[in-house]
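What follows is a pair of complexes built around chain A, which joins chain B in one and chain C in the other.
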Partner chain A sequence: MKKFLYDNGSVVVLVLLCLYYAIATVDTIYPVGPAAGRQLARQLVAAYGDSTEVMVVVGESASEREFAEAVRSELESSGAAVHVLLADKPATVRQGLVEFASGRQKMDAIATHHAGMQWGPLQADRLQALASEVPALRDVKVHEPRSYRWPTFFTQANLINVINQNSAIFIIAIGMTMVIICAGIDLSVGSLVALAAVVVAIVAEKVSAGQPVSTPAMLLCCAAGVLMCALWGMGSGIVSTYFRVPAFIVTLAIMSMARGLAFTLAGSPEGISIDSAFLTELGTGRTMGIPNPILVMIVLYSASHIFMTRTRFGRYIYAVGGNPEAARLSGVPVKGILVMVYAAGGALTGLAGVIETARFESGDPKLGEGFELQVIAAVVVGGTSLFGGEGRIVGTLVGALIIAVIDNGLNMAGVDSYAQMIVFGLLILAAALLEQLKKYAWKRMSAK
Partner chain B sequence: MRKLSLLLMGLVAVLCCRPETTTNTATSTTTSSAATSNPAPDITPATESKGTIGFSALTLTNPFFKIIAENLTKEAKKHGYDVIVNDADRDVNKQAKHIDNYIAQKVTAIVINPADRVTIGPAVKKANDAGIPVFTNDLQCVAEGVKISGHIGTDNYQGGKLAGEAMIEALGENGGKVLILHFKQANSCVLRVDGFMEVIDAYNEGRESGKIEIVATLDGGGLRDEGYAATADALQAHELDAVFAINDPSALGAWTALNEAQKADKVVIIGFDGQLEGKQAIKEGKIYADPIQFPAQMGQVTAQNIIKYLDGEEFAEVELIPTELYRKADAENDPELQ
Partner chain C sequence: MTGIEKSFPGVRALRGVDLELGQGEVLALLGENGAGKSTLIKILGGAQSPDAGTIEIAGRTASIHSPQAAQRHGIAVIYQEFNLVPALTARENIVLGQEPRGRFLSFRRERERAQALFERIGIAVDPESPCRDLTVAEQQIVEIAKALALDARIIVMDEPSAALSPREVEGLFTIIAELKSQGISIVYISHRLDEIFAIADRVTVLRDGEQVGTRAIGDLTRESMIEMMVGRKLEDEFPPRRTRPTQSAVGLKVSNLNRGQAVRNVSFEVGRGEVVALTGLVGAGRTETARLIFGADRRDSGDIELDGQKRRIRSPRDAIRHGICLLTEDRKAEGLVLGLSVQENFSLPNLTRFSRWGFLQQRRERAALDGFVQQLQIKIAGRQQLAGTLSGGNQQKVVLAKWLQQHAEVVIFDEPTRGIDVGAKYEIYLLINQLAEQGKAVLMISSELPEVLGMADRILVMHQGRITGEIADAAAATQQAIMELAVK
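Take a look at the complex of A and B:
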């Protein structure tokens, strides 16, 4: 048990954070969806009996349609008469009510969701005023599904959000973990995301000539973006290993060059839209209910974990980071490994750029601003040593989750945005400190 | 490997958990229409919060957006709505995250100052799909296929024209050499400079002498330090008579550079915005005049439009507030500066 705690200090931090947010974000939830619809229908049957006449009034979105459909099927199965009104905005509700109710004798109830309870045409006084015109609306009552208390942080939609909206950070963090295990650093990742996005968009613009881009063509565009970032990564690797310029400076220079190049290529600071079904599916589509960026991320994490723990190259990376001289003497191609690691980091960054391009359906030269700091924070909080030789992909996954959860939870808890910066910094510091303390304690424990 | 698979399993478990299924077990005391206990319930009592509005501001380090946020919050509160304010920090990625969060929180309405008028499109579309109305203020969204329920901003083109008129007024019949401190990234600033140029071009037409000549257009970043650096550079190359800066911070940066070069009393500055520090500078004679905007009104009207939208009332879907020229005489009578 103790050993588990020491090995997984960051997991404990993550769990504690989640528990904290679970308490801090408890709020009233007003459900919209099939379950809420069925519940409301049962409520109406209990109140008005089986042969009631009900009108469902909601908006046009998918979840609202599902809600309305659930109310309808549940009520109709118990013999009630149901009419569904889908309004594109509250202003059209009144007309819909009049059209439906004018030919009728009596209507018992209007079913809507919590948002609908605020709509002007459904307010009691307005309905009464309308009743002089349409008698059926006299005494009609408006009902919404029952609400409940639940942490807004712990909803399926939000937990998916936390990972999905940070998937680019998660993916770049894999490459950064390898780079940092080699005792290196890569500050250029944020700019490379932007450069990849712009390159993908420009190539797509060239091949499409105003038409939607076909899937094979789009794949080639994406490959171009990834390849180019891999080359930039390889460049930083070569300059920092063969010319012995510190990686910090090399990648700082590339950070500036890549950002400038992205703006220059784009020709304006605005995003270049891409019309591609494949890209839209990659960025916003879901497979088995899971957003595609998360699936890509899961595949990459599994593959890189196996690569780092089960392959010779993976072990070489640790050896190079731990003690390059010893590694060289044991026959490890130190320089080659270093260049390869930077290139891999670049390629992963390019892939993250493609994901971001897909998410926004455009190549925007402003993307990825400040990513480098978030990624490095995630890697270090995940237990990877900046001195090299130490670190795990799983640790990085947890570290990135911690960063993502802190960020999201602060928003969900409604913390003021200035205070957020302070709290964010403090929490990262605390997580990193805990990681250090854990190591210290572990050493003392094993020394005894 | 086992740990990884555990984690991944946890991840999948998280993705599969459906809090909606708890609807029936979690009983509630706050529901406004507890129809099970009362077959003919009353409509929601007014004391309870009617809902939440999410506002993702472009940047809260610029007082302009802070004023919008404060007034939006105050006005919404009057009508029973809470407002969450988030700082997008000019980052479309952050703004998209905010919108995702608002959707997860099921807010009543979303307000944004788009961090990029095209790239923010897919995020707005998601809100559209979730049935949440999206409003913009100050900056407009031009992405294709998205529905914006209402916009209110400044008539920047008209403001630019006013700035041009102020420039002509300040330089008199002699004309002169002008530096423009631009911020091309913001479409609002492009409109300002376009309006400015229309008036200046009309003035110059058919004129032999006393023309107003634009000798340089530099990026002032809309910021004090960048405006300072750009003006200092321009002073090396040109004998300037006037500066038009697209907002107050860059105008004040220009003043610092002119002051250092001991040219502050010879060179006229026209700013834009009418922020408090800008108005103060006009009072002190550092800036000649500003076309002023009305951020407080933007915040209030946005909140009112949301209420009107929910009420099913009519309102202007796009409303541009004209700017007004603010000179030294106005500053001296301004109660805000007393």
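Take a look at the complex of A and C:
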């Protein structure tokens, strides 16, 4: 039990956090969607029998249409007569009602959703007033799907949102894990995200000359952004390994340079917007119901996990972080590996920059602010040792989830971004302290 | 100390050990690694608390539950890894923790104090040199001075000679004799039996956490000491080899190797099937020479030939590719990645063999490791056990396994048995012989002269970066002959 907690402490923390949010965000849910529609239809059949006359009144959005469609098909299958009214404003509702009801003797019910219950023309007194003109409306009742209580945190939309919003953090954390396993650090990631975004936007602007950017051209622009960040990473790797300048200082310098460069290149603190179908699809589209940024993230996590555990290069990374001298004397090309790891970290940061650009459809020099803090927090919370040689991609995934959940929770609770910085700072400190405590406890347990 | 007991989760480190130390006496504490010596002295030094048992000093029961309490009782422990602050000077280290309260430091007073202490020891160290610039022997003197500064009546030395050259060990013995004459009692821990005969009055032997016995040094022989430690009779300290080197085949040839002052014009050959010992004082340039051959450091000049062909070796990677391997002196710092598992350490130089298209083939990796675990009788809890949790002997075996898997033709051992207990030593000697029998060229660096004499076919002696002598027939050599070359 003790060992399980030692090894999987972050999972336990994540579960506890989710439980906490689950309890804290319990709220009444008013469902809209096909399932709610079918439920409402069954409710109506039970109340009025098979051959009822029902009018469905909803707005015009896609999910409302689906809801209405579900009500209709379910009711019609049991022999009821259904008319669907899609209304964009109260006047249309009123007009539609009158048109529909004046042609017939009897009408049983109006089906709508929770929002529809609030509409003026559907209020009981207004319907009574209308009934003097249109007799069919006399005994009409308005029905909505049954509401229930459920944590809003645990809705599909929110969970996907939690990850989607933080997909850049997730992706950068992969590279940061490798860098920290090598006993290094990279503070430049946040600024590189911005620089990548701006560079991608500028190149796209040059290529397109005011026209929408074609997909192949956009792909090249993105590749340029990723490549540029890889080169920056490679640069920090070279300076820190071959010239022995601490990575902390090198990447701190790059953090400042890259941010400054992003603002200078952009020319204004506003983003440069990009018009590209590919970018829109990448940032906001879905494949098999999963938002594309999350899909990219899943692919990268799987690949990097296999890379770190099943390849020679991955094994070398652990050895270099654990004891560079022993690794070198075992024939491991230590310096080359370090440079490659920083380059890979840079490339992943560039990719995260592209995805951020895609989500906002603009190259904004303000992007990625404070990312280094959140990313390092994710990696450290995920159990990677700041002294190098230890850490797992899966751990980072859990760590990043914890960061994302806390971030989401703080946002839901209305905590402002400055107070969030305090929280993340404390989190890094706590995780690093915990690592030391674990080591101390471990030493005491295994002391001989 | 009476009836000392101490258990750790899963291990009973000490089971009722008694230890008696007379005033002005040198007591040698002997035992294999893991016999409980370290635990015992940690208890004496207050670094750990015993589960049971009492400690009496000058007839009065003393409760020692912290290093500070040990200091108050006049006990000082000099651990293998010194407790000196590298950036502070010798003087500053000596008075560290005893600086006067409430007034400014007086360098003059401190210097006088340090000088007085050095006089008591009989050897002086420049009090103003930072400790990181001092040699190991000088640092040890600083440690001893620090112990005296605390009015220690009992000084425990844990393997004080491990990193000293034979001449420095002589110096240490003079110091110990001097301390003895001042009525200070000394507990001396060492694996080197010769030293124990040279200075100890009595010997206490531990085995598996139990006291095997205490004898006066006059009642013991080398063989009986080993027998007490190992608990069985050892046929021979050094196993015989079945083959003789063939004179014709030169495996490794080194010519005019140079690096600064450390290695100067070193040339020699190691034949196939031959074990050549490279010996000399610590700092003579032996390890440096090995590192140059292995490409670990850049050489100023010099050629390396393997089987008569000149090879370009500029990094350990090159050396490994050409079939040279180096088992370093410092296993923990250079030989192993302590935070990685046995399997990962074993595979590190061999991953090219164990992977295809960059992907690891863990089944082959495991099979190879299992073979060596059986062959070398490596005691591990599992392939995933962390290398840092193994005993010295097993760590050395893992290092051996990782290089044996390479099937290298030239094997360089740098102090292969340092810090390893007698039983494991024998197994390592067997392996060295086996390698020679397979026709490999073996270069063995060692400071332990009995080991050099017992194992080598030929002996090379280094002094101040040069090879100062060669003893072609190791069987006829003596320790004196080697020492003369080593200090020439």
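By definition in this document, the second predicted complex is superposed on the first by the 369 of 448 C-alpha atoms of A that agree within 3 Å, B and C clash if a C-alpha of one lies under 4 Å from a C-alpha of the other, contacts with A are read in each partner's own complex, and residues count from 1 in each chain.
One rule holds for everything that comes next: a contact is a pair of C-beta atoms (placed from the backbone, for glycine too) under 8 Å apart; a residue touches a chain by one contact, two chains touch by 3 or more.
Worth saying up front: this structure is predicted, and the values here are computed from it rather than measured.
Undergrad: For chain A, which side has the bigger count of touched residues, chain B or chain C?
TA: B
Undergrad: Just to be sure I read the superposition right, which of the two partners does A:P333 touch: chain B = first, chain C = second, or both, or neither?
TA: second
Undergrad: Now for A:F243: first (chain B), second (chain C), both, or neither, which partner does it touch?
TA: In the superposition, A:F243 contacts neither chain B nor chain C.
Undergrad: Which of the two partners, first being chain B and second being chain C, lies in contact with A:Q39: first, second, both, or neither?
TA: A:Q39 sits against chain B, while chain C stays out of touch.
Undergrad: Applying the document's definition of touch, where does A:E390 land relative to chain B and chain C: first, second, both, or neither?
TA: Touch partner of A:E390: chain C, not chain B.
Undergrad: Could you tell me if A:T311 is touching chain B, chain C, both of them or neither one (first, second, both, neither)?
TA: So A:T311 only meets chain C here.
Undergrad: Does the superposition put A:N323 against chain B (first), chain C (second), both, or neither?
TA: In the superposed model, A:N323 contacts chain C only, not chain B.
Undergrad: For chain A, which residues are in contact with chain C within the complex?
TA: For this pair, the touching residues of chain A are 310-313, 315-316, 318-319, 322-323, 325-333, 385, 389-390, 445-448.
Undergrad: Considering only the defined contacts, which chain B positions touch chain A in the complex?
TA: Spelled out, the residues of chain B in touch with chain A are 1, 3-4, 7-8, 11-12, 14-24, 26-28, 30-36, 39-44, 50-51, 60, 84-87, 90-93, 96-98, 100-101, 103-106, 108, 115-123, 126, 128-131, 133, 143-144, 149, 184-185, 309-314.
Undergrad: What part of chain A is in contact with chain B in the complex they form?
TA: Residues of chain A touching chain B: 8, 27-33, 35-36, 39, 43-44, 46-48, 58-64, 89-94, 114-115, 117-121, 123-124, 141-150, 152, 154-161, 163-165, 268-271, 273, 283-284, 289-290, 294, 298, 301-302, 305-306, 309, 356, 359-362, 364, 366-370, 393-394, 397-398, 407-408, 411-412, 414, 416-418, 420.
Undergrad: What residues on chain C touch chain A, complex-wise?
TA: Counting only chain C, the residues touching chain A are 8-9, 11, 13, 34, 38-39, 48, 294, 296, 315-317, 319-321, 326, 328, 333-340, 344, 347-349, 351-352, 354-355, 358-360, 362, 389, 402.
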